[in-house]
Structure formats: C-alpha cells, structure tokens
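In the two complexes that follow, chain A is the common piece, with chain B as its partner first and chain C second.
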Partner chain A sequence: MDRVLSDKKAIIIFVLPAFLLFAAIVIAPIFLSGYYSLLKWDGIGKGTFIGVQNYIDLFVNSSEGFGKSVLNSIILALLSVFVQLPLALILALVLSSGVKGENFYRTVFFIPVIISTVVIGQLWMKVYNPSYGLLNTFLRGIRLESLQMPWLGDVRTSLLASFVPIVWQYIGYHMLLMYASIKTIPDEIYEAARIDGASPFKMAMKITIPLIRPILKVCVIFAIIGSLKVFDLVYILTNGGPVHSSEVPSTLMYNTIFHRYMYGSGSAMAVFIVIECLVFTVLVQKFFKVEEFTY
Partner chain B sequence: MNKHISKILCFFLAGAITISLAACVKGPTTGGDVNTRSNGTGDKTEKKVTLKLWHIWAADTETQKKPFEQILKDFQKENPNIKLQVDAYENETYKTKIKTAVAVQEAPDIFFTWGAGFAKPFVTSNSVLPLDDYLKDGTREKISKGMFDYFIYDEKIYGLPMYMWSAVLYCNQELFDKNDVKIPETYEELLTAVKAFNSKGIVPLTCGEKERWPGMFFQNILAIRTAGVKKCNEALSGEASFNQPEFVESAAKLEELVKAGAFDKGAMALTKDESEAAFKQGKVAMYYMGNWPAGSFDADDSPIKGKVVCRNFPAITDSKGDANGFLGGSIESFMISSNTQAKEEAVKVVKYISEKMSEQASVVGFGMPAWNGEIDKSKILPTNAQIFELVKDTTGYVLAWDTFLEGADADTHKSLVAEIFAGTKTPEQFAEEMQKINENKAQNKP
Partner chain C sequence: MSKNKFGNYSISIILAIIAAVQIFPLIWLIFFSLKSDAEIFGENIIGLPQKFLWQNYSKALVGGNAGMYFLNSVFVTGVTIILSGVLSSMAAYAIVRMKWKLRKPVLTIFLLGMMIPIHAALLPLFLILKNLNLYDSPLALIVPYTAFALPMSIFILTSFLQSIPKELEEAALIDGCNIYQAFFSIIVPVLKPALATISIFTYLSTWNELMFAVTFISKREYKTLTVGIMSMVGQYSTNWGPIGAGLVIATLPTIIIYILMSSQVQKSLTSGAVKG
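On to the complex of A and B.
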C-alpha cells in the first residue's frame, strides 16, 4: 500500500481517468461558458462577438433584474449561515451527547438530504397550497385564518416561502458533518471539564465549538456556495416568480438561455456565479484563519 | 471464505460502475438508423428505418394522448418497415427540451412544434426540412386554405397542420343555476357574475398563471374585443403600434378583472393542470381555455359531464374591436429535422399523423379539422359540438401572442401580463413596453 502511494507514476495513472472526466465535464465547460459570455448568441444560429457588453448589461440596465436576484441569493446565504447552521449545530450537539435513539434520529434528520429535490418541491407545493395545503389548514385550525395567504403566489411571501424547504433540506447534512467532527473529540477533555464543574452549555461553548472549527468552516463554505447557486427548489416551487419576486441568479440564467434565446447573456450570468463563489470562498477562508488544535 | 466473497463483491462493484459509465457515453448523434436491406426483385429497396418522434401528450389528462397513440399503432401496423421510437414530454418542459435539442443538432427526426414565432429560430438555423417538394402529390389540396399560414417561412412550407384550436369560455351551468347567476354575454355581465360568485365564496374564473400563458389568454382575447382581429395581427407583425389606447384598454380591463377578484387568490402559484382540475371537479364557475380539454369534460367519469356550456368570451359593449373574434388558429404541427437520415419515410409519417389527427380532432374534440374530409357528426361529443357551432360565425382569429412572437419577445410579453396580474405595472406601462418589442424588432432588421 505504501509502495503504491509513494510511486508517483502509479498515482498519476490511477487519478488520470477521474481527472480527465472532471476536466471534460467541469473545467472545460466553464471556459466554454466564458467564451460564450462574450457573444450575442441565440444558442442555435450564429453568434456575434460583443466583448464584455453582456456583463455591463447585467448590472446597468438589466430588464430582468439580475442585481435583485443576486441579492436574493445572498439573503439565502445569510439564512443558511445564521439559521440553518445553528440549527444543525444544536442538533449535532444534542445527538452527540448520547441521547436515547441517537442512531435513529441521526438517520431521520438525514433523510431530507437524500430525497430528490423534485419530490421535496412537490411536497412543499402541496403544503403551501392556498386551499387545501397543510400550512393554511393549520392556521385555520388554530384560529389564525387571517394569516392565510397564497404563499408561493404572493410577491411578498414567495421568496421566504421558497427558501424554507431549501434551508430545511440540508440541516441534516450539516448536522452529520458536525456530529462526526464532535465525535472525534476525546472524552478525556470533557471528563476534566466535568470535574472542574462545567455545565453542558459551557462545555459546548468553550470546548466543542472551538475544537470543531475546521468543520464549521467547511459547513459555512458549503452553505454559502450552495445558496449562491441554488436552482432546483426555486425552479420547482416558483420558477422565480411571481414576477421575479423569488428570482435567483440560476433560475434567471436558465430562463434567459432557454426562454429568451440569449445564450451569451446567460453564460455571462453563469461566469459571474462562478466568480462570486470563488470570492466568497476566499473571504470565508480568511475569516476563519484556523489554528490546528492538537490534543 | 470471507476474503473471497469481498474480492468477488469488489469486482462486481467495479464492473457495475464501469458499465454505468459506458452507458453515459453518448450514442450516435444522427437522428435515425438506416439499415438497407435490398429487396431481391424490385429496384426500390425496402429500407428498414427507425425514426425518433417527440410529442407533448404525455399525461393521461391530455385529450390527444389516446387518439395519437392509436394513430401511431395503426401506422406501425400498415408500415412494418418503419419503426417509430416515441417519447412524450409535458408541455412546459417540452418547450425547453425541443429548443435545446435543435440547438445542439440532436433534434429527433419528427417532432411536435408550434409554428409562427416559436419555430422561427428552427427555420433560420436550417434545422428543419422544407416540405414543398413532398406535397406536390395532391396533399396540399387536401388541406383547407389558411391552415398553412403559420408554417410558411420565406414562402416555403415547413410543417403540416393538423387542426385548429380556439379558446372558449367554459361555464359550469349547474353552479350558475344554483346561485342564480346569468351566464355572461357582455363584459359588464361578467363583472356582475364575478361579484355574485365571490359573495357566495365560489371562485369565478380559474387561471393557472404560474405558467404565465393562461393569464395571457385573457389579455389576448380582451385585445381582440378592444382593438379587433386586424389590429392585433398588425401590431404583432410590427406593422402597427402596441402603444395605442385600445391595447392599453385591454390591459386595463384585465387589471379590472384581477382587482374585482375574478381569479383564484393563489392563481400565480397554480399550474394550468391544477386550475383545470379545479374546474373539472365543479369547484369553479368559469374557465377560459382552448378547446383541447373539451373532450375530457364529457368523459364518463367527469364530475361535470353534461354541465358545461361554452360561450365566446363576453363582448365589450361600445368597443371598436370584434365581438365575434376568437383566440386561436392552426399552430400545432409536426416538423421534420433536416438532419434526418430517412426523409421520405419521415414525410410519410408526418402526412399520415397529420391527416389522422385532423380526423380525430373533431370526434374527440381537441380542435377543428384542418384537412378536408367527412366528419361523422354523430360521433362528436356535446361540448365540442357547442364549440363548432360557436366558431361558425367568427369574424377572425388571432393566435396566442406567445406563439406568434419570437423568443425573448414572447417571454417579455408573458412577463408583462403577469405583472398586470400582480399589480406591479400599469396598463399604460404594459402598452409602452409591448411597443418596445416592436421598436427593437425594427432596429434589429438588417
């Protein structure tokens, strides 16, 4: 095994197939999109080179509201980091402290992550249905009928209503990452803390959280990037509507390319999203300057 | 023993992964497979041909599904040497799918499409086959005049018409009678009916505005009422301006309907299928839609069987438009990809299915036949019979605007109507921005 790992030739041979696939399916299209973003093209006929005009149009006089959609995705990123991650953290802390049925709950919380997003979208669409949906029925049941709304059909609520399933779906995923990380912390530290009279809360705040900082950083990066490029659930629930109230960059890009026949402009949006994600990753890395704790 | 089992399992896993990887590799990109098998006797070789065909009647709720599948079966029986690989997709997703397929040169041999502006990009990129040469065998004469209009580009015919659709106002007679409301003949009566139904807690008009085109139907028919068929067609072709009081009026009337609470509260989140289901279950008083679902209203298990009354959309008193104009036209057809390996066979298929669908259209009731032929009047279902009667005296048709307009313009138009629904734009702004479409079109003309 060691002989294989240290043999550079062997490494290259084993990594090559996966790398070729990765380059062809992920890297190459990004560069192609970069090229297409410099064209005015309908996707079918011939395209004309217009340089960075697409990028300027995105922000200066976007008829479809690209700037607002970016703002929406940033709102989702903030919700993910400040609502989804704390919830995941609390669940991870509780589960790893040895409650009864730990394995059972771990599985149950993870199930939304593996259900297809289309299924989740359809499920929540029925929950939000104004006439027979679970949410409005529940409000009627507790005598709050006045709060009933067409959640996905009203411009005021469509954005947040479409974000709830997204935040809900991946709580289990982050919880699992944090849970695994917490489990690697040796018990001796907790024992010592308990002897010194620390409460569970203090232990969580002063011991657990600092020691899982690396995984917290990973979770924050995943949450932010995932939010910036979210597509499936928004597309299924509202398709960016009504009238762009729940538009995010990826749904706007999709509609620009396939319904408005503006491949060049859509590619510019795609490239922007890629660059945006890279920038945020670097920022988060800087913010989380992690010192390795050894124990 | 365990070591052996784990080794075998490993091999299976590796094998499975490799095989699934092989399945991911694309097959040949050409449309059909042609294996020539020469027929010993004659000079005409009996080609065994496989043709790919795409259509939009996937769901069981689509009235055209059963007749179309039967037609395909009959064709296969009569033509065993032509094998059809058929795929069906849902309406909205199909619009994206076919555009992508044509763009990457992977369109199927034969595919369903709407004509006019929708198919224009296909024609300009030479992705579809002109059919003129194949129609000289008498086929052209079999088809009613005027049905080809929206499939002719640069004086060449690219698709064969099947049937003509028109939009009517379906009214649930039972709900009207129970609540003592008169079926509206004028716009004012429509507003009265809306008020009456709202006071009884019944949704007056259902609309699946999530897909944006059901709501667009309302603005389009109102424009026929306020501006008339001729002006609408002129404005759509860019020969007249959208920024005229008549078109502003069409948006203003729609705004009035929305503000009067004519549509379901959650209309903007409803799909067309959901809104149609609400009408089919007798929960909604009126439904303005094309004649496609008419046949299903008369199905034996339909809760509203025998209760549906059809009317043209109410007339607006004292307006300059056409009280008798209809929204509709012959816009649905099958086109042939220019990449197809088997042109003759593909044309044969299209001719066959177009003619047969035209026959079935009147019987099953998803349209008026485009091909001349004997219509067995006894087989026509009641709701369809009503529609045929209604359109007899029409003064003209206007296509749904999103099929007439091209690409981004169609999308802009639908968004503008949606904004009237949501109340985020005024009728004046609507007309102005619609006119911008014409101005951009004029600017981009070479």
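On to the complex of A and C.
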C-alpha cells in the first residue's frame, strides 16, 4: 500500500507537468520582472544595469505620474471598502433574513460579476455618452439637464466615472460571499436572542457581523487588492485619460511597456504592484487579528 | 422575522430598485442591439425597440467577425479548462494522497500563486512567448491561462480530496490495480462535483480575460472575443446596433450557463474564498 503510494515515478508523473508549467509561467516571470526592473532597457539589445534607479524615478521623477496613479488606485480601494462593502453587507443581511424573492434577488445581483469586463466597459461607455447615453438621458428625463457632463472625457469626473462600473460589477460578488457566510450561522442563536427581546438591528450588529468576521476580512482583502491592480475596466473606459486623470498603476505600466518601450521602468511598476498587494494583505490580516468568535 | 408590514414593503421596493440598477444597463444593451441608428440616436433611446433589427446580429457575426472571435474564445477556453483540469487533478491527488517529502512545500508554492497579480508576469511572458515562437497563436493564451488556473483549481481539489475516504482507492490497490488505474477509474469519477466547480471558475476567468489576450495576440484570426469586441468597436464606432449585438453575443454563453446553473456558479465562486 505504502509502497504504491510512494512510487517516485508515479509522483513525478502526477505532479511534474503542473509544477513545471506553473514554475515556467508564473514563478519564473516574477523573478524575471524583478530582474528587468533593475535595468534601463528598451527591449532592443541589452539593457544597462541601473539598480534601484527605476524605483526611485517612479516617485521622484515620474513624468506620467506613477505616484498619482497609485493614489488613484488607493482612492478606488477606499471607495470599495467604505462604500461598496457596506452596501454589499446591507444587501446580504437583508437577503439572508428571509425576504420574498431571496433567490431571485441573489441571482440578479450577481449577474454583473460574471459578465466580461469588456462588455461592461463598452456598455458603460455608452451609458456615459454625453448625447445618447443612459445617464444623461435619464438626467434630462428628470429635469436635471444642468448636471449633464461628458463623464469620461472631463478630467474632473473621469476618475470617479471609471470607478462606478467597477463598484457596480463586484458588489454582487461581495454580497454573495457575505450572504453565504451568514447562512452558516445556526438559527438557534437568533432564536435565543429573539427570546431575549433583541431587535433585528441589534442582532445584526451584535451577532451576525461579529460571526462573519472571517469573510469580512476576505472581502476587504479582495476589495483592496482588486482596486490596487485594477486594469480591464479603466483600460477600456479611459485608458488612464484624459491626461492621466484616471490613470491607475496597471494602465500606466501597460503603456510604459508597450507604447513607450521602457521595459525596465514598466517592470519596476509591476513589481511595485505585486509588493503593494502583499503588503496590504499582511496589513489587513493583522488588522483583523482579534480572536475569532466561535460557537 | 419581524412582522412589520410597512418595513417589509419598503424593503421589497428598495430591493427591486437595486435589482433594476444592476440589471437595467444590460437590458438597455439588449434593446439597443436590436435598434436602428435612428432609434438609438434620437427617437427611442431607452425604450423597447420599435423594429427588431436582427441584421445587427448578422452584421456583427460576419462583417464584425464576432463569429470568428467567438469560436476562438470557445477553443481557447475549452482547451484551458480541460488541460488545467487534468493537470490540477493529478497534482492535487499526488499532494493529498501520495507520500513524499516535498508535498507540503509544493502545495504552498501553488497556493502562493493565487496571490500573485498577473501584471508581474506580463512582460516576461510576452518575451518568452516571442522567443518560443508561440506569440500570436492560440497557445500564446492557452499556456498562460492554464498555468494561472492551476493554483485555484489545486486549492479547491485538495480541499475536496481530503474529504474522500482513503478506503476508496485502497480497496482498488489491494485488488491489484496500479496507481494510475486507481486514479482514473476510482478517484476521478468521485471528483466530479469539484471538477465542475473548478471548470466554472476557470471558464469565467478565461472567457473574460483581457490583459493577456490584448498583449499576446495581434493577428485578427486568433483574437478572442474580449479583444475582438474592442476591434469591432473601432470598426463600427458609431454603429451602436452591431456593437451591441457583438456585446450580447460575447455575453450570451455566460448568461446561459449562469441561468442554467446559477447556484452551482455562485457556489463555485465563493467556495474558494469561504474556505480560505
């Protein structure tokens, strides 16, 4: 028995294909990016080794505003954590309390999550269209014509305008995570609280929310990391424009590498994004590190 | 719960409004995919199409190449799902059930991969693919997609495998099966629910993927839907009708799968997170 299960050849056959593929496509490139980030290189010929200069330039010297793009991604992270998540939580609480149409609403709220970002991006571009889009048409309809704007084309609104679809798309995802977690809480706890005269609001605050702390932590991590590395929707909606007003690190990275051929600088941006995500994951884990309530 | 009629009523209304906000943009999309330019740009911006312009769809499928992009996406996604499914089941089985010293470190390495944003791999992969002459071919997408699908699949499969009793394959092995037979004829059938879960997961991330698709393929005949739609938009820039049709075509499979298997899909996407 043991002999069969420790058969070296079988183990290798089972594991090696996946591992090799993974190492070549996921692991090795990370290190390669790290290496490239230390070079000044335009992709042709050999690069010159310049150490951490790329990283310094990102913040001190950056003509395209890498620092500003990081700030933008942090704004999105704040929006996600303090607007999107509370909304998702309220929805999850309401849906799990046994309203009519619970399954229907759950299914509907989740639909934007599974739709391709390209579709969402293109669709919202139409929504934002100054003349024929859903938004301005709606504003005209309720007599708020003065609020109409070229949402994606104006430096003042482009950032927030590109963030709305992102929040819109993933609210259902966080809601579902929280909902699934709430559903695992045994009814007896609520029964006991109800007998003691607790109101629904009190039960939510004192029972539900503390008990779903682990999943709240997961949601916060996903929301923050997702915001820091957001690419698809911003790329489609504004590509960082106009004039970098809606730039985020990943769009800047993409353009730096593929349009300005600054491979070293772009790699430094990529590495920065990776490290940023790791740091925030650790920070959030620490923040949530209070004893978890068990029942 | 609370018997407050007024409370229930207002909650229902609010839920309905939110559902409308979540859904209406999509409904609007379906509407304008069937409208003529005249309706879209003036007469009937929001309402139901007065005339159902199905030509928009044929325009998108043929002139806009949506049909070709669709098939490319189907091919790339299908192969990725199968390949990553096979590789991850084998690896997960070896990690959970076989005895070897390195199995914990290997699992950790795979799991760490889940946290890595793909940005860091973009440029190196681009260069690697070019050097291996795989750039601008379906493999340029299949290979990276499969690799990036492995961590999550292995994660879900290893959790699932841990709940399968060892007696299952032990009986087969005692009867004289070799390990490969035991794996394929006993373990794999039992893995089916988990395989469905990871397939859905892989399908969603692959079908909708943009960054790699836009970078690793430039030849039109290999483009997948995500990138193809963007070229189509460039081509038909002010013809919202065909563009809308293209967008609907891109989304339709996903919506159909979701409607048919909504609880499975929801379970699949949350299982990874709830466990971790």
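Methods note: the second predicted complex is superposed on the first by the 270 of 295 C-alpha atoms of A that agree within 3 Å, B and C clash if a C-alpha of one lies under 4 Å from a C-alpha of the other, contacts with A are read in each partner's own complex, and residues count from 1 in each chain.
Quick note on the criterion: a residue touches a chain if its C-beta (ideal position, glycine included) is under 8 Å from a C-beta of that chain, and two chains touch if they have at least 3 such contacts.
The structure presented is a predicted model; accordingly, all values stated were derived computationally and were not measured.
Engineer: Looking at A:I142 after the superposition, I want to know if it touches chain B, chain C, both of them or none. Which is it: first, second, both, neither?
Structural biologist: neither
Engineer: If we overlay the two complexes on their shared chain A, which of chain B and chain C does A:V60 touch? Say first, second, both or neither.
Structural biologist: In the superposition, A:V60 touches no partner, neither chain B nor chain C.
Engineer: Output check: A:P130 vs chain B and chain C. Expected answer is one of first, second, both, neither. What do you get?
Structural biologist: In the superposition, A:P130 touches chain B alone.
Engineer: Could you say whether A:V94 touches chain B, chain C, both of them, or neither, answering first, second, both or neither?
Structural biologist: In the superposed model, A:V94 contacts chain C only, not chain B.
Engineer: For A:I195 in the superposed arrangement: first (chain B), second (chain C), both or neither?
Structural biologist: It touches nothing on chain B or chain C.
Engineer: Contact-wise, after the overlay, does A:V113 reach chain B, chain C, both or neither (first, second, both, neither)?
Structural biologist: second
Engineer: Per the overlay, which chain contacts more chain A residues, chain B or chain C?
Structural biologist: C
Engineer: So, does A:D42 touch the first partner chain B, the second partner chain C, both, or neither?
Structural biologist: first
Engineer: Does the superposition put A:F258 against chain B (first), chain C (second), both, or neither?
Structural biologist: Once the two structures are laid over each other on A, A:F258 reaches both partners.
Engineer: Please identify the positions on chain A that touch both chain B and chain C, taking each partner from its own complex.
Structural biologist: In chain A, residues 131, 258 are touched by chain B and also by chain C.
Engineer: Taking the touch rule as given, give the residues of chain A at its contact with chain C in the complex, in rising order.
Structural biologist: That would be residues 1-2, 4-8, 10-11, 13-15, 17-19, 21-22, 24-30, 32-33, 36, 91, 94-95, 97-101, 105-119, 122-124, 126-127, 131-132, 134, 137-138, 168, 171-173, 176-177, 180-181, 200, 215, 218, 222, 225, 229, 231-232, 235-236, 250, 253-254, 257-258, 263, 266-267, 270-271, 273-274, 277-278, 281 of chain A.
Engineer: Inside the complex, what are the residues of chain B that reach chain A?
Structural biologist: Touch list, chain B to chain A: 95-96, 99-100, 102-103, 121-122, 124-125, 127, 209-210, 212, 264-270, 406-408, 410-412, 415, 418-419, 421-422, 424.
Engineer: Quick check: in the complex, which residue numbers of chain A touch chain B?
Structural biologist: 42-45, 63, 125, 128-131, 150-155, 158, 238-239, 241-244, 255, 258-262
Engineer: In their shared complex, at which residues does chain C touch chain A?
Structural biologist: Contacts found on chain C: 1-2, 8, 11-12, 15, 18-19, 21-26, 28-29, 32, 40-42, 45-46, 87-88, 90-91, 93-95, 97-100, 106, 109-110, 113, 115-117, 119-125, 127-128, 143-144, 146-148, 150-151, 154, 170, 173-174, 178-180, 183, 204, 207-208, 210-211, 215, 225-227, 229-230, 233, 240, 243, 247, 250-251, 254-255, 258, 262, 265-266, 269-270, 273-274, 276.
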